[in-house]
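I have placed the structure first, in the form of structure tokens, so that the comments after it can refer back to it.
For clarity, chains are labelled A, B, C, D and E in written order, and residue numbers in each chain start from 1.
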């Protein structure tokens, strides 16, 4: 399905992603981990074509994504939804409109201007919101929602695109543990029920272990690990994070269950 | 009480283009004759010169007849006419010419009923004052009110604008000035039409004359009455003799070939003043 | 959520979108209706019909080209050659353009095989490729020509006047004179007029070549001839631009100096007397509302035409504008600093100097400098209407309706001038506000 | 420069005193020079202007009220006619306001595009951002009257040349103000929309416009205020409206001063009225906005 | 020396200071305590003549301060320096200029308009700054300094006035404990070394106890306590603050030493 071949991105003389090779042959849920600056976001943004690659190719079902231009590129983006750490909604607009933005690629500018979304789409948007448990919020402005709710609106927008792939760039980094769980759970459900591919950048090891079928570890732009959660031992994690022997998994955890463990407050301060 | 500087206001309007430049020689002669600095001013319209003369900030100017009348009516003691231009044929007048586009089918004022008529500047003698008095005398029923005889009466702002407006069809007919000498197809020998023809703006084949005024006296060169008598005498003499002394300079000052200047008094303009007074009353 | 709840939410959403659509349609609709009204109020259809594209073409082509007139006076038989037909651009006795030849028969080669011949006895021959040879004889006021009945639209002919317009040039014939206009690209005589010895010399010749005028060194002679160029009047133009900037500068700075103390009178916290405050504010509104242009007209009686009148007009208007802006800035000053200075026993003026001025200076300076730039534009307009500066030169050039190259030149100068002032004001802003008190 | 050493090594009071004195001297010198230059510029500027003016400042000062007195006394004599005259010139006023409104509308739309196309992060064609910036600089630099005069030549007198001229200038001026606002816009929504495959106009319409609209409207209102004056002024050169009537009345002089007064009252009242209304709405638009 | 007699200030029908009587017969260091709105600031401002009294008189060395007008009033202000909670400096001007504002009353208006001060004054200003330990900040803008440094600049300005009395209106309320200590210490030193009278409004009991020779307590505009720090028992303090039995002194403390005491963090939250 998705084939990434020696994909490289350079910003000036900084190489953000360095000859990455990934092959994914069936819709799975994949977690990408690595410390800040490892190139996780850049990789995802290249897949969505928000950023252009410097070198290498991305191929999806035989189509070369990296070569797409103009309308074809936007069409690809509509098939490959993206979820952001900061939600990236339109804060002044209501929730349904934000979800309907997932259909923009199919609508003309004029239709958008006059809010001419088909009734079927509006209803579908509400059903998606309902599936994510926030249908009551439909008429509110996005900015009036809590972070977890906003992220679910972003997921709803992604689902509205009816995409083959959902990319999620640290979808839970701005959320509290409670909301983080809800959001990760939603993503997992979507993967399982709809059979969509989900690729999520994650800051925390345990989230990756718990929700993903496959974990990719990045360090300094290179892919240094690619395997099952089971293969992701603490030693491997130390390598990925370039941490010393004092590395504690809890330092990257946001699991709710861990909240009651002593010392968790201090630990969170480092996250 | 002497003077410390001498200020000449220039208003081509009906005459000159590069006025400051053409007048520089006159300014130099003035400085020489009076022994004080001479300055040239070229306000954008008649009103600027009139205000300057009334306020005492301009000492000498060549006014149009109507502008002189306006000055006189506001303050009879402000200025005194001293000289008038003499045309090459010896006349001291020119005409207001009514004209229209040939393809509009208009050939005289009779055809202008219900049409749009354009004046130039409200202070212009040939562009407004005289036609606004003489045209209603053309036949019964003509007035200068919009919607009476003419469909609409407009000011275009100046002679050039009137010509362009008629040529473009913005207005059906308008008035401008010409010396009335020479041929229509050349735009006469001098005047606003001639300038437009020379500039390639209009083709006289496209235009027809629909009306012509009685002869209008050229505007006077005026001096402020408050000036010392000797200054006035010197300046009158200087301009009077300019043609013999420096024909090139006289050409520039008079904006064309002339026989020079000759003395004139207020009497020449009594009828114009009366005309203007009549307009105020209306 | 239950199915009924969900359908309720859907219904709500449908209504929401109905409402939003209505608003989204209403705004453009209102605008559209207004524009339709404007189309008729401004008579756009009529205008489109009347708009004179020929004028636009004349204007556009004239602005980057010039023409040389070859005129035969049919009474005297004299032939004159003049750039733009102006006296100042007339070729000196014995000189003529290189594309004119012959003595008895004067042949004018317009290029592209268009040839005009001035023959003796006021006869003229015109050769135009693809058109039979045209011959015209002037007899008194009348013209006798061999032109056929149905003419192409580039020829206009009556028995008194013939006009021929070709891409190579223009020919007009009347009984009194015959005139050929030959067009060339570029601003002719921009550097030197024909009577200057430096005309037609290369830059290198003037700089390092032999002395062209025995009385003067080449460089000073060239500079002086260029500066005094009678066609382009570089000296007058420079003065005019200087006058325009001067009006803007004097007006803006004068207004700022006047407005500062007055603004204290209009600011609530510094002026306890309500009546005085209100009076000052109304004064600001009044001088601002009247507008600089009208002030110029009013002042013209007292001061006559000239840059001072323009400067005073700007000064008066902007005193109102600055007064308003300054007093708003003063209303918003922080009390703490004033109190700190007051508590040391500072005298009232010192209180303002150290408690208030340092706070408002950045706001004030930014505004003043911004207005300096925008007043350069106002000064151009004021000059155009009441006399003085580059604005007046522009209006005059437009009014003569033939010197479009000058119009283009002035427009470029005005744009450069305003952009320069914009840059100066930005630079000063950075220098003065960025730095220390 | 002395700052660099400050705080690193404790300095003796003497060195601090002398270095501060040096700084004070320098500042006084620069301050004095600046003040001197400014003073010299003002005085010599005034003298040049005074010299190049027809009448001197001091000679003319006492006459300053003459012209208004002439106008007012005639207007007062004929005060009975004033209401009628005001009614007579009302259509011209409507034309002036229409010119201002249409040109503000068109200029604001133009400024909108200039600002979106000329702002980093938003531009459709990032390479030619400088082009749009220069374009709006040039449009802003051209005084309205320049374009108006040229257009009057091509199109004839009337409101359209004025409208086009003001619209061009407005587009440039608003383009600059707008792009300052747009530069501060939050790009997250834009990126979010981009990730769904929305095209440029959809991104601008949904991602940027809702953020910047209050500021844009507020600036446009301010511009409308300015444009009313501009459209009145352009009337002076033949662009129709109230300015044209005012010029004719003033140029004719005595006998029509009553008309001049009536037109002037209309114009003044209009300017003040729209000033007040627009500043009221501008305050309302920007107040709920934090800064 | 200073004699305050039935001094009253009313703002509308609110009586901010109610017939206050204070007699101070030698230069001492006096702390005024009381809760917010008690009238402390108003009292000080009346002494400095920033606010006019409604009733009553202030007499200093036989001169009736409350009757002074114009230049005489400003002369008094120059002899009676004031220090504010928010420092009230001119932030855009450099430190030395701010200190030099203390001489404004003595210098001609014209010279000061152009920021022209005698060299001797400038040297003296820097010496004062040195005494307060901030001479190195001399050329910086006031706004570039930390809060504690700014307050010391304000004290320097006060010293520059060479005043008989220094009034300090909650000089340490905007400062962190460390800076508070430095500032209070400076005031005490000035009092002891120069023999100037210092009257300071203080929010915290322990500061008053520690630094003052005499403490005046105000409540609702009236003076309810006037005595030595030793007489200021917890019971008295309760009266002054109108607090109940749960009143804890720590709640008003900013002493550094108390920082280590348990519970102090919570306590500070109420300050």
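For the reader, a short list of remarks on this structure follows.
In the analysis below, a residue touches a chain if its C-beta (ideal position, glycine included) is under 8 Å from a C-beta of that chain, and two chains touch if they have at least 3 such contacts.
Every value quoted in this text rests on a predicted model; they were computed, and no experiment measured them.
In summary, the chains found to touch both subunit C and subunit D are A, B, E. Counting hops only between chains that touch, subunit B reaches subunit C in a minimum of 1. Comparing each chain's Cα centroid with the centroid of every protein Cα atom identifies chain D as the most central. Centroid distances from subunit E, each centroid being the mean of CA atoms, peak for B. For the two copies, subunit A and subunit E, the CA superposition rotation is 170 degrees, given to the nearest 5. Looking at contacts between chains, the pair that accounts for the most C-beta pairs is C-D.
Centre to centre, using the average C-alpha position, subunit A and subunit B are separated by 81 Å. Taking each chain's centre as the average of its CA atoms, subunit A and subunit E sit 58 Å apart.
Between the Cα centres of subunit B and subunit D there is a gap of 37 Å. Counting partner chains per residue, subunit B has residues 7, 9, 41, 47, 51-52, 55, 57-58, 164, 168, 170 touching two or more of them. Counting partner chains per residue, subunit D shows two or more touched chains at residues 52-55, 60, 63, 66-67, 153, 156, 158, 237, 250.
For subunit A, residues touching at least two other chains, in rising order: 97, 113. You'll find the chains touch as A-C, A-D, B-C, B-D, C-D, C-E, D-E.
In the complex of the two chains, the subunit C residues touching subunit D come out as 31, 34-35, 38, 41-44, 47, 50-53, 55-56, 59, 243, 246-247, 249-250, 253-254, 285, 288-291, 293-294, 297-309, 311-312, 377-378, 380-381, 384-385, 388, 391, 394-395, 398, 401, 407, 411, 414-415, 418-419, 422, 436. Of all residues in subunit A, only 94, 96-97, 113-117, 119, 122-123, 125-127, 130, 135-136, 138-139 touch subunit C in the complex they form.
The touching residues of subunit A, counted against subunit D in their complex, run 48, 50, 71, 74-79, 81-82, 84, 86-93, 97, 101-102, 104-105, 107, 109, 112-113, 154, 157, 161. Within the complex formed with subunit B, the subunit C residues making contact are 49-52, 55, 58, 85, 87, 141, 156-158, 160-161, 163, 170, 172, 174-177, 181, 230, 233, 236, 297, 300-306, 384-387, 392, 395-396, 399-402. Only residues 2-3, 6-7, 10-11, 13, 16-17, 19-21, 23-24, 28, 31 of subunit D touch subunit E when the two sit together in their complex.
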